[in-house]
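In the two complexes that follow, chain A is the common piece, with chain B as its partner first and chain C second.
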Partner chain A sequence: MAVKIFIATDRLDSVLEKLSTKIDLWIPALLKDDKSGPTGFVPYEPGKAVAFDRQTTMSLKKVLLPQVETLLRFEYRKEPEGAINSTLAVEDRREARPTLVFGARPCDVRALTTLDRVFSNGPYVDPYYTERRKNTLFATLVCRQTDAKCFCSSVGGGPADMEGSHLRIVRTDDGYIVEALTKEAQSLLDNLGDAPDASREKQAAEIVEEVSRRRVGDLDTEGSAEAFRKRFEQTDYWVQMVSQCLSCGVCTYVCPTCYCFSITDEAENLKGERLRSWDSCMFYHYTLEASGHNPRPTKLERYRNRVGHKFSYIPERYEGLLGCCGCGRCIRSCPVSIDIRQVVGHLKENTNE
Partner chain B sequence: MLETDRIQLHKLVEEALPELDMMIGWTESCDPLQTTPVFIRDAKLISKLTLGPFCSQNLAGYLVKPPALESVPKDAKPIGICVKGCDSRSLVALIQEKFISRDRVRIFGIPCRGTIDWRKVAQRVGLSDVKSATVEDDFLVIDASGTTHRIGLEDVLARKCLGCRYPNPIIQDVLVGQVATPRSSSLETTYRDVDALDNKPIEERLAFWQSELDRCIRCYACRNACPLCVCQDKCIAETREPRWLTQRVGLPEKFLFHFIHAMHLAGRCTGCGECERVCPMDIPVTLIKEKLNKIMEEMLGYSAGLDPDGVPPLLTFNPGETEI
Partner chain C sequence: MNNNPYLPELATIQEIITETGNIRTLRITLNDKDRMERFTFRPGQVGQISVFGTGESTFVINSPPTRKDYLQFSVMKAGEVTSRIHQLNAGDQVGLRAPLGNGFGFDEMKGHDILFVGGGIGMAPLRTLLLYMIDNRADYGDITVIYGARSPKDMCYTYEFEEWRAGGVNLILTVDAEFPGWKERVGFVPTVLSEVAPSPNNRIAVVCGPPIMIKFVLFGLTELGFEDQQIITTLEKRMKCGIGICGRCNAGSKYVCLDGPVFSYDQIRAMGGEL
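This part shows the complex of A and B:
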């Protein structure tokens, strides 16, 4: 079994093609014919332009938690005699196939620890997520493209953090060194390439060592959970911090740790599907109650909830785990340049004001 | 020149603030290429106000989508707001439709020489770390990843700016800076992107919109950034009672949503381009509205947001109409 292989840059596509015969393969790719345009994870197709040069616009969460998925199909069947009587047929077949995400980033993989706590680690186990999670492997890039909006080291991660990854990818001058980190990942590398020579191996080791030393971001989250509670009712603070918010769903949809969903029955006549789709706490309808009352009527309460959920409720419920992986996507994609680091960073300042 | 304008703006706001409920303007953000809207009640913050080509956001929408639900007392002081040419047209449209009354706003008009599209900057300098960005004459000077780039401003302006006919505010109480020269004076220039697409065979156009709209993630940033999308929390894209759209993310849902958005703006869209600017997936959604704007101009001779006393054509009825 191969433990470590070298893939020359120009051979990447042919290696991915071979890999895609062994396992369902997802790669980060351009979503538009523009080198600096939006990117996201897509199922591999030969010749598809891989976007390894930067973090993707959309995170990889949709591999495990699709934006929309059918939970079950239903059909009311009328009895031939007596049209009043009908039986309900329900089908909830699901299938999780062995999958590899090639070219994940450490922040995205770390984000799954939050999703795991919610969907897999009880008390309620979500079979849809959990089965996909068990069947999915991650080949993660040692990240050398951090920018001013990244802050993974501030929230427990790091640009070379391989926790939760099955393979490590190091980009060298002329290609990639892919190393299996777990036993189950080794067979994937069989017949894909030769072991790297000594000089490339040395270069890769130096890169890993150098990137491991990097500290990305300087947000201090210590004490944020308590500070948030003190701030909760200080409307002035939220007015000052997030008046510019448009209450759109960009931050939550690009976020790798936001997992809130909605369930709707989409039926035509007697047949239909129960769908689970991404929801966003930035939306008015998210907390709209059947009575018509809405406990979060304005964007201030809604944004406050987003900050509270990530930096106070989740840490309190899950032994200090943060609901943020520091990928910086919400900052990068916000139409009005809201910086969550500022909102969280200021929580602790003069809380008694 | 920008610095002079900034100082003038600060001075004008300082004088006006005691008579204002608050001042809405732009300030620097963590991204050197983009500002962030700021709401000022405290005179100490006035010095943070900025203007110039990074001030891309249209602030008019905040007048109808306020930060917090509060009932406005009858004797409330006016709200001060900075508007570029295109933003002022949104303001006019909102006044026409009686969402705001003219005397509730104190308008600080900013003649605009075009706003910068960060995506076009990224195409030139890569998505590397932009440390600083300044404007020197007709150039954008960027310090990114240790390299200094000097880019012609014209090359990185937003698409809507290239065909702009109204860089100067349509209405204002005070003007900040020198009057700007329009980039376009003809329908041909303003609607050249629409024409370019219209000249393609219908199959190609369909394929274009299918591939563009397929990227939509239904985040509704385009809708929420639109100053004229005033249904807000009652938008039919999301209501379940009645249910018009499913929660699916297939092309039919995306098409339907974007065309509902566009149709609801027919004769109302002022072409500020916010919907396109805010799209995280870089979909040219303003183009759909531009097509409708062009039809409005050609058929009815109407261009939205130019006359506070005018009536948008779809909000009225003319029994003797000959054009449609």
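This part shows the complex of A and C:
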């Protein structure tokens, strides 16, 4: 079984096409016909160009947690006689096919440690996420396109971090070296290409070594959970940090660790589906109760909750785990330039003021 | 429960009781008879009732685990799902995910005097524990209940009051204003609480009602000398999954659906203000 192959740049599409016959394949690609437009992960189609030049606008969470998915299907059947007015059938059929995400970034894969803890490690196990997760492999790029918004090294990751990945992709001058990091990934590389020659292998090793040494971001998250608790009731702090927030929710939409969801029923006549969809704690309706009471009535409480969830509540609940992977997408996408690094970074400053 | 925590069990409404103008009580049984027989829960645990096509909402199981002919839920008409539930009839099918949440620490309360303070629909979560205690009466000391509602018409479980009294409960009823034919107390619950002034010695107070009532009752209990850890209440939040995953019902790092809905006052103080 192949452990490492070289793919020349101009052969990438034919290799991906071959790979897509072995496994359901997702790649980063343009989401619109616009070279500077948003990118995200999409199911591979022959001829579809891989967007490897920058981090995708959208994270890969939708591969494991689709934006909308069916949890249950139900149907009532009217019973004209007897004590029971209708019978009800409910089914939760689901399918998780073997899947490979080709071209993930280390930050996106690290984000899954948060999702895994929430969805798969109890006390209740979410079978939809968990089954998909077990069937999904990640071929991850050694990331050389970090920018000023990235801070993966501040939250436990790094641009060459391969934790949770099954294959490593190193982009060299004239192609890609793809290396299987786990046994299950090896057979995927069979018949896809030849082993790299010595000079290319040397170049790849140098790249990995150089990128591994990079420290991306300088946010200090040590003690942020406690600092957050101290800041919790300091309204002035939150006003100062987030008064410009528009409650648009884009930060939660692009975030690879934002997983909060809603459950709604869609039905016509006697038949329908129970759906799960992404939701956002930035929205007023998220916590609005039927009585009219809302425990987080303004954007200050809502933004505070987002920061708290990632840097205080998740660490408290889950043995110090952070709810942030440092991808920087919320910073890049925010229309009013709110920078979570500043909000978290300043938590510890002059807390006694 | 089955291995998919989102999949409700099918259940049938056996009986519906109209409690007040906007509160109805459902008595339901699981369609799977074996499951119904084996079904166990702690007083204070909740269930998610599904009306498929409309949605799912969380309600406390207000019958006690000592009485298993049916599972009882009281539903106040407030939003979409509760309005739909109010249209249902005996014989209708619903889904149920239960038991969920933590429940009351009824074992730790053994040997103590108990004070229940309930307002309106807030009597529902207290009822399960109250009946459990009546069914295990020797395990508990004095049981005093202060139950208030806007008017006698807004009071739930009125048809059971004699049974509660016969079960050794000191039941004190109050309504907000004079009402023709009303012979019990008149006054807001916190006022009646200070008049009755139960001793905090060796006593646990269990409080549930509208937020404004809870606020003043907590204040009143503290005045009477109750310590924070002697005061137990149940919280409500908008919920979806009910199993601590969807992220919606948090107060600080706690999920009301999973870690609650029952909390002591000292736990609530530690959660921060988003209640």
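FYI, the second predicted complex is superposed on the first by the 348 of 353 C-alpha atoms of A that agree within 3 Å, B and C clash if a C-alpha of one lies under 4 Å from a C-alpha of the other, contacts with A are read in each partner's own complex, and residues count from 1 in each chain.
Note that contacts are C-beta pairs under 8 Å (C-beta built on N, C-alpha and C of every residue); 3 or more make two chains touch, one makes a residue touch a chain.
The shown structure was predicted, so the numbers you read here are calculated from the model rather than taken from an experiment.
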Point to revise | chain C versus chain B on the shared chain A, clash or fit after superposition | key: fit
Revision key, fill the gap. Rounded in steps of 10, the angle in degrees at the Cα centre of chain A between chain B and chain C is 90
Practice item. Pick one for A:S262: touches chain B only (first), chain C only (second), both, or neither. Key: both
Practice item. Would you check which partner chain A:A205 touches, where first means chain B only, second means chain C only, and both and neither mean what they say? Key: neither
Review point. Taking the superposition as given, does A:A8 touch the first partner, chain B, the second, chain C, both, or neither?
Key: neither
Check your understanding: Between chain B and chain C, what minimal C-alpha to C-alpha distance in angstrom results from the superposition?
Key -> 6
Check your understanding: Can you list the residues of chain A that touch chain B in one structure and chain C in the other?
Key -> 262, 264
Practice item. Write out the stretch or stretches of chain B touching chain A in their complex. Key: 29-31, 34-39, 57, 61-62, 65, 67-69, 119, 122-123, 126-131, 215, 217-221, 223-225, 232-233, 238-240, 246-249, 274, 277-278, 280-282
Study note, to complete from the structure: In the complex, chain A touches chain C at residues 71-72, 74, 76, 83-88, 90, 92, 118-119, 123-128, 229, 232-233, 259-265, 267, 270, 272, 274, 279, 281, 286-291, 293, 295-296, 301, 305, 308-309, 312-314, 316-317
Point to revise | List of chain A residues in touch with chain B within their complex | key: 31-32, 34-38, 54, 57-58, 67-68, 147-149, 235, 239, 242-250, 253-254, 262, 264, 266, 275, 277, 280, 283-285, 297-300, 331, 333, 335-339, 341-342
Check your understanding: Contact residues on chain C for chain A in the complex?
Key -> 3-8, 10, 12, 52-56, 78-80, 82, 89, 91-93, 95, 211, 236-238, 240-241, 243-248, 250-253, 258, 272-275
